[in-house]
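In the two assemblies presented below, subunit A is common to both, partnered first by subunit B and then by subunit C.
And then the complex of A and B:
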């Protein structure tokens, strides 16, 4: 099975460990076998170990070591933010965050909504069973 | 950037002025040490070997830490060093790719300790320089001189995002395929 996600200049990655956990960064250059120079619109360009990065499918078109302005322009051009939030991985993270930030009343509302949904499913199931039986 | 174990200091010192020599020559040295106290001590150690002056009849005029000018730029560092092995002294030239000189020096100390079992007090840094990409000698640094560099990460090691979430036992084996 060939590899699909490569470490390359312009690859968007998610930080999965450490202080910048959860941030989307762009690989701007490769320092050596273990480290990359990463950049994001709201952080100072810095080095990061590949062990802290999870590569995503998104890749933007930048030359090696772009200026901050051209990096932001390229990210806007390929619409990284929207692509990420519409991808299944990005959506899962948003849902996780939402669930973690619920308060007790919200969780009560979620419980009611689940019961309602379960009731609707059971009704449909009962209808189909009756159809099948007859 | 992070905290480095070895900091680069500039130490300036001279012999104390005597009636026979009112204005002794001032010497400046750039060296690596873990803190300022050690840097001053190293300064006298090296200066003793080069000139006829000791800490007891000399004075340190200034000691400043030198910080990296452009820590966001990747550079190829060449480090010339002299180290003591079990059988004698040897010179070495090593190359490292890093964003800061302190980082490269720390890499060097770690590599010498692992590859040659040389502890840090047996290493003397003769010279360091940033090498332009054309003049690099080692294949392991030259292989990253590629503007269209591309390689896959082969193993996906799943790590808990904080040490608090670490568990000894897992319910299922992890899938390491990227």
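And then the complex of A and C:
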């Protein structure tokens, strides 16, 4: 079981601790054994400990320490945003956020929908059972 | 001269609280008392004192207390109306947290002069009548109902006070009888409830699932953390 996701310049990572929790950043340089210089389109470039980063599968093609404009252009070119939102990890996070922001009324509507869905499944199952039995 | 409007601001600017810029004599000059006096021949004109109404002769009291009686200073402070939480606006759906209707979701109508909230089920949907409720025992959800067709003007605290029971001082035999007279709700109150609820129910039925929502009680299930829930 070799490593698949490497720390390299252009690796997209998710911040998993601290003020920028949940933000997608790009590793733009490695400072030393523990720290990387990270950058994102809407933040000031800064250092972050690797322990705060969770590496993702996405990598973009940038030279060391690109200018903000070229960073943004490279991110657009590899379409980081859509790749992330379509990945199972990214989708999970979106669903978690949506569930956390549900209103009391929304939770009620979700409950009704789940009951309805369960009912539909049970009906189909009953139909199939009947077919099998006969 | 016809009575003039009094001057808007003082002629003596405040240097610090309690200390004005100008001295007494300067202020005398500024106000122009000297000019008024000059106009009226050296005397400041005064109105004739009103003839005081003759006070009736007071009888000396029959009884003087032996020692001085201390009188408490009368308290003239007035309460301010309880501050309504910003999340509670007319039409908000509230969750009652205590009492007979614990967990019920009700519609908020208005704040009464006593500070309590006027709330209704509506009665036909969840059995909660027009009722007063304390803000502290309520969770405000972010769901709002359109309350523009509802008229809650006539309801105030007096509408909800219990009628005073007359005390029977005579008849010890009545002590042994149970005096429970459950009074039926007067027809008037039932009509008020209906009159208020009909436009409200119409507005509620316009929103899908809202009627069922208001009919259901709120409860915490496994995994629900109140401090993380968005209401």
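Please note the rule applied: the second predicted complex is superposed on the first by the 134 of 134 C-alpha atoms of A that agree within 3 Å, B and C clash if a C-alpha of one lies under 4 Å from a C-alpha of the other, contacts with A are read in each partner's own complex, and residues count from 1 in each chain.
To be clear about the criterion, a residue touches a chain if its C-beta (ideal position, glycine included) is under 8 Å from a C-beta of that chain, and two chains touch if they have at least 3 such contacts.
All values derive from a computational prediction rather than experimental measurement.
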Superposed partners subunit B and subunit C on subunit A - clash or fit: fit
First (subunit B), second (subunit C), both or neither touched by A:32: first
Subunit B versus subunit C as contact partner of A:55, first or second or both or neither: first
First (subunit B), second (subunit C), both or neither touched by A:112: second
Which superposed partner A:44 touches (first subunit B, second subunit C, both, neither): first
Comparing the two partners subunit B and subunit C, which touches a greater set of residues in subunit A: B
Vertex subunit A, arms to subunit B and subunit C (CA centres, degrees, nearest 10): 90
Touched partner set for A:101, first subunit B, second subunit C, both or neither: second
Shortest CA-CA distance in Å separating subunit B from subunit C in the superposed model: 12
On subunit A, positions contacted by subunit B and by subunit C: none
Contact set on subunit C toward subunit A in their complex: 93, 95, 105, 141-143, 209-210, 212-213, 216, 218, 228-231
Interface residues, subunit A side, partner subunit C - complex: 100-105, 108-109, 112
Touching residues (chain side subunit B, partner subunit A) in the complex: 1, 72-74, 97-99, 140-141, 144, 147-154, 156-157, 159, 161-162, 177-178
Complex contact set, residues of subunit A against subunit B: 1, 3, 5-9, 16-17, 21, 29-32, 37, 44-47, 50-51, 54-55, 63-65
